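Consider the two complexes below, in which chain A is the common component and chain B and chain C are the respective partners.
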Partner chain A sequence: MVSLTADDRRRLRGAEGPALKLAMDVVCATAEIGGAARLIDIEGAHLSESFYAGQAHQDFVDRMISLGARVVVPTTVNPGSATLRGPQGATADPEAVSAARRLMRSVLRLGCRPSFTCAPYQLPGCVTQGGHVAWSESSAVVYANAVIGARTNLHYDYEDLCAALVGRVGDHGLHRDGERKASLIVDVGAVALEILRHELGCHLLGHLVGSAVGHAIPAIIGLPAETRLDWLRALGAAASSSGALRMFHAVGITPEAPNLNAATESQAGLPRLEVTGSDLRSAVNDLSRPGEGPLQGVYLGTPHFSLVEFDGLLHLLDGRRVRDGIACIVNTSRHNRDVLRARGLLGRLERAGVALMVDACTYYGLPLAGLRGRVMTNSAKWAYYAPRTHDVAIEFGTLQDCVESAVNGEPCRADSVWHDHLWR
Partner chain B sequence: MPIPSGMTISGADGRIVVRGRATGDALVLEAPLSLLCIRPEDGVIDDVHHPDRGQSVTGRVLCLPATRGGPASTGVLLECLRRGTAPAAMLLGEDEPAVVISCLVGLELYEKSMPVVVLKRESFAALATGTRIEIVES
Partner chain C sequence: MSQGGGLRDTVALDLPEGAYGSESFFVREREAVFRGTWTLAGFGYQIPEPGDAMPVTVAGLPLLLVRSETGEVRVFHNVCLHRGCPLIREPVRRQKRLTCLYHGWAYDLGGRLRARPYFLEGGRHDIVDRKSGLGLEPVRSAQWSDLVFVNLGGKAAPFEEYARPMLSRVADYDLSMLRHGDRVLDFDVAGNWKLVAENWLDALHIFAIHPELNDFADQSGRERTEVDGHMFPGVYEFAEPRAGMVLDPGRRRVMSREGANRVWSFYMFPSVFIQVRPDHLVVFDLVPVAPDRTREHIHFYFMGAAADDTENAEARRIVYEAWDAINAQDIGPIEGMQEGRQSTAFRGLLASPYWDEALTHFTHLVNSHMADGGLAHG
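Up next is the complex of A and B:
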């Protein structure tokens, strides 16, 4: 039984109107199933309601608006299923585009910030270490838990908005100390440091870990101290695509894992997974879907490209231009785009032939509907999903490979990380 | 092939998580199902890797040993309720919040829901596809 406060019970009775009654019903039902003893306050929410997945989504948001519902905590939203402006993919149905845009505008009337990003943690002041939030979007949930040390379960569509309307969630799962400990050790000590000191290592490790660990929380040992935040993010995004990862510890790096003892309840008897270079090589093969024909485009920014990643991209481009006829599309948030503009970097990207896509997603939805042919990415998550949503062959490479391929107009692996002797 | 006999499911067989009455033919799935692989247009299981692909859940008593699928699965079930392609009821081997959330919202938006029972292990094991099942409220 979930124990409720007087405020909770008043809402559940309907004393604060039908919207909050429904919201409380949904929050309580979810808490009950999770085995929560009580509800707790959240300091923020991140919703998927912005992504059109059928008329039911619009009906739900419309009903909440008509009942006067407003979110009571700072709330961000995921990308929509179309961009708000500009042309969509060749096969995008105009009615679907209108429906997608209508829903995106509607969610803002509930009081949500117009963030339209899958990486809300890139926005200033969005989430803090130790803070309880209610987030949807699997890659963001892993990042919040593992890298920031915030606390959230993966929330369902509708239920995420309900939590934001009452500012409460069940105190279960990853909200609780004891549920955040590792139950499995992943040892990457046998992998060449050259691979682990490269973003590529984390993309591949994530893909591997996701498919291997199920619902367990892994403690990863052996990642070097120079592992960057964006690499940890890639790890979580890949693992929540190939599997159901919600939380991990990188021992010596992430906030709740200063050492292995801190990351585990007890190390005794924990299963151990040893990862080798050749395991990572098989992840490369898994993520590649070789095809014939000319390179159509290079797709970066899944999850949304960070400002640090943009610096890396500009450095690698080094004043050169993407070959004519090659699409080089970077998916990011409107917030990051505005920062780039303020820093004077947007013009440099445009002159280099790089196009930014904001407010939407490059593998789901309508912006690239009809995309086909041979494409390249450095994102394990994109490489996992794009062949499921588009008729594409995937060349998987590093950011450097992607840049060289875009500039030269054909796929290549230019990065020294691919030296054979590193992958045994 | 023996003719399947009727079966009644009540609170004695498990835990009622969404109340209601329904009758329908059982569709017992062998493998866990991602709810995202139910096509809302016609209720058909649209997953090339699933042993029960091509079967329609509409109007059946859908019996699931386990579910997979992320936050968007509530959207699929609610869309099925809206279009009238949802199962008549669901009998589950384990708890699934997405099913309960969809029913609560479906009742509010469309006055449509379905009974959902999480069955005891032995009750789930007794289910067979084709059996006529009646779910009673008590």
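Up next is the complex of A and C:
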């Protein structure tokens, strides 16, 4: 039984209008299912309402707009199922494109920020450690919990919008201290340091951990202090694709895991997963779908490329140009694009033949509908999903491999991290 | 953000108790943080010619920097093989050998042991073959511009990875002309080194205590400090160049045309902060001395003759005085916090969701290195 405050009850009775009554109904029902004893305030929300997955989306949002609903906490939204401007993929249905764009505009009328990104944590003013939010993008949920130390369960359409309208969620799951502890240990101590000091290590580890642990919370030991935020992000994104990871601890690195004791309720009897270089190599095979024929394109930025990653990309390009005929598309947020423009970097990317895609997603939705052929990515998440939505063969590589392949026009593994002796 | 989203009343930074004042934390930190990462050891200009050498202490260990016959800077542990006496106590110039003052053991500029006077008996010196393999213990080092970095633990990721976020952001700057200025500013701060570093990352305090900086480029146009591994880049643009903020407001010469109105700053965890201004470089070197004491040195690099000529002497003086004043403005609150944080009323830092991503990451980096000792790759 969820105990409610006087304010909660007033909304539930409809005293603050039908929109809030409906939202409160949904929030309370969800809290009940989750086993919450009460509702708690959230300080922000991130919604996936902006992605058109059918007319019901538009209907629900329209209904809320017509009832005068407005979000009461800072609220960002996921990419849409089409970009707001420009041509979409070869097989995109024009009606679906208009529907996608209409929905994207509609959610803004609810008071959401026009962020259209799966990486809300890259936006200024994002939640900090200890803050409660309601987020509904899986990779962002892992990032919020694990890397920021904020608290959110994975929310879903349309319950995420309801939470943003009332600013409340059930106090259960990852909102509670006791539910955030690790239930198994993943030890990467046997993996070569060269791999772990590379983005690749975290992409692969994420893929492996996701498929091995499902929705359990792992405490990963053995990651070096040099592990970068974007790598932890890649780990979470991969693991919430191949599995249902919502939270992990990287012992010594993430904020709630200064040591193994802090990350676990009790270490005794916890299952232990030892990861080796050859396990990671099998993850490479898992993520690759070899194909024949010329390279069509290189797809970066799943989740949305960060400013730090753009810096790395420009560094690797080193003034060179992508080979004519190769699409090199980087998916990012409009916010990041605007910052790049202000810093004079957008021109450099354009001159290098790199195209940015904002407001939408490269593996999901309409912008690249009909994409086929042999493509390359450095993202385990993209490699996992793209073959399910596009007719593509995947060459999985590092960012350096992707850049060299784009410049040379054919897939190659140029990165020294691939040296055989590291992968035993 | 229209709906508020202001400060939340939670503790955002969570360093362990004693992190700012206890001797034991300080000692462990010296090992885990300062020996575990790349830290600044010295500057090339301090040993300009082959055979020049100088002693330095980094993270509690005695080292020596020496310029070889071929002009490279090398770093060794400043400890004679024989009895563990420091090899040099003072800077030396144009030596062919570095000779231990205690028993005269002589090493060449590559650190190889070459002679042990009277070692075999009263009149017999031992001339050591250069291929003997005996010699001073080398320290892993790297140089960027004139700055010499060391990784004492030897296990940090390559220097290029640490520095890459800086190198790539100033890739179009011509740093080849830089020469050390004619003054170094020294400060003795009664505060833990982390308070100094946190202040470098804190882009929010400028409007309140640095009126001249705020006047140059005000807070509303500033961005928060970024996070890129062990590097924290920050950047802002200014409208009009001013004396003190640039060497030459007439801007006859800048390191990058694109950067003519831009100031980059880079905090490289843990010990060095670099500001790249259009026509000069400012390097802050932080040396923890005790849990509650830190020495801070500010070095300046200008372009070519402007580093020490008379024509620019007045302009340089204004630059030095500007930084002297700015740093003095920071030291008050830093020393105050050293006391304030010992108070029972202080319960941890409150973070701004806009400005303080960098501060949060700084805390996590300290924690990561402190924890790394206990992990498989320690």
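Keep this in mind: the second predicted complex is superposed on the first by the 424 of 424 C-alpha atoms of A that agree within 3 Å, B and C clash if a C-alpha of one lies under 4 Å from a C-alpha of the other, contacts with A are read in each partner's own complex, and residues count from 1 in each chain.
Keep this in mind: a contact is a pair of C-beta atoms (placed from the backbone, for glycine too) under 8 Å apart; a residue touches a chain by one contact, two chains touch by 3 or more.
This is a predicted model, so every value here is computed, not measured.
*Asks:* Which partner does A:158 contact after superposing on A: first (chain B), second (chain C), both, neither?
*Replies:* After superposition on chain A, A:158 lies in contact with chain B alone.
*Asks:* Kindly classify A:71 by the partners it touches after superposition: chain B alone (first), chain C alone (second), both, or neither?
*Replies:* second
*Asks:* Which holds for A:314: it touches chain B only (first), chain C only (second), both, or neither?
*Replies:* After superposition on chain A, A:314 lies in contact with chain C alone.
*Asks:* Quick one: classify A:26 as touching chain B (first), chain C (second), both or neither.
*Replies:* Only chain B; A:26 stays clear of chain C.
*Asks:* Of the partners chain B and chain C, which touch A:293 in the superposed model: first, second, both, neither?
*Replies:* neither
*Asks:* Let me test your reading of the model: by the given contact rule, A:63 touches which partner, first (chain B), second (chain C), both or neither?
*Replies:* First partner only, chain B.
*Asks:* Quick one: name whichever of chain B and chain C touches more residues of chain A.
*Replies:* Result: the larger residue contact count on chain A belongs to C.
*Asks:* Considering only the touch criterion stated at the top, classify A:43 as touching first (chain B), second (chain C), both, or neither.
*Replies:* second
*Asks:* Mind working out whether A:34 is in touch with chain B, chain C, both or neither, as first, second, both or neither?
*Replies:* first
*Asks:* What part of chain A is in contact with chain B in the complex they form?
*Replies:* Touch residues, chain A against chain B: 18, 22, 25-26, 29-30, 33-34, 48, 51, 53-57, 59-60, 63, 136-138, 154-160, 244.
*Asks:* Which residues of chain A touch chain C in the complex?
*Replies:* 43-44, 71-75, 111, 113, 124-131, 187-190, 193, 196-197, 221-229, 251-255, 258-259, 307-308, 311-312, 314-315, 343-344
*Asks:* Quick one: in the complex, what on chain B touches chain A?
*Replies:* Touch residues, chain B against chain A: 17, 40, 68, 70-76, 78-79, 81-82, 95-98, 100-102, 104-105, 108-110.
*Asks:* Touching chain A in the complex: which residues of chain C?
*Replies:* Going by the criterion above, the answer is residues 1-5, 8, 10-12, 14, 16, 36, 156-157, 161, 164-165, 167-169, 171, 224, 226-230, 235, 258, 351, 353-354, 356-357, 360-361, 364-365, 367-372, 374-377.
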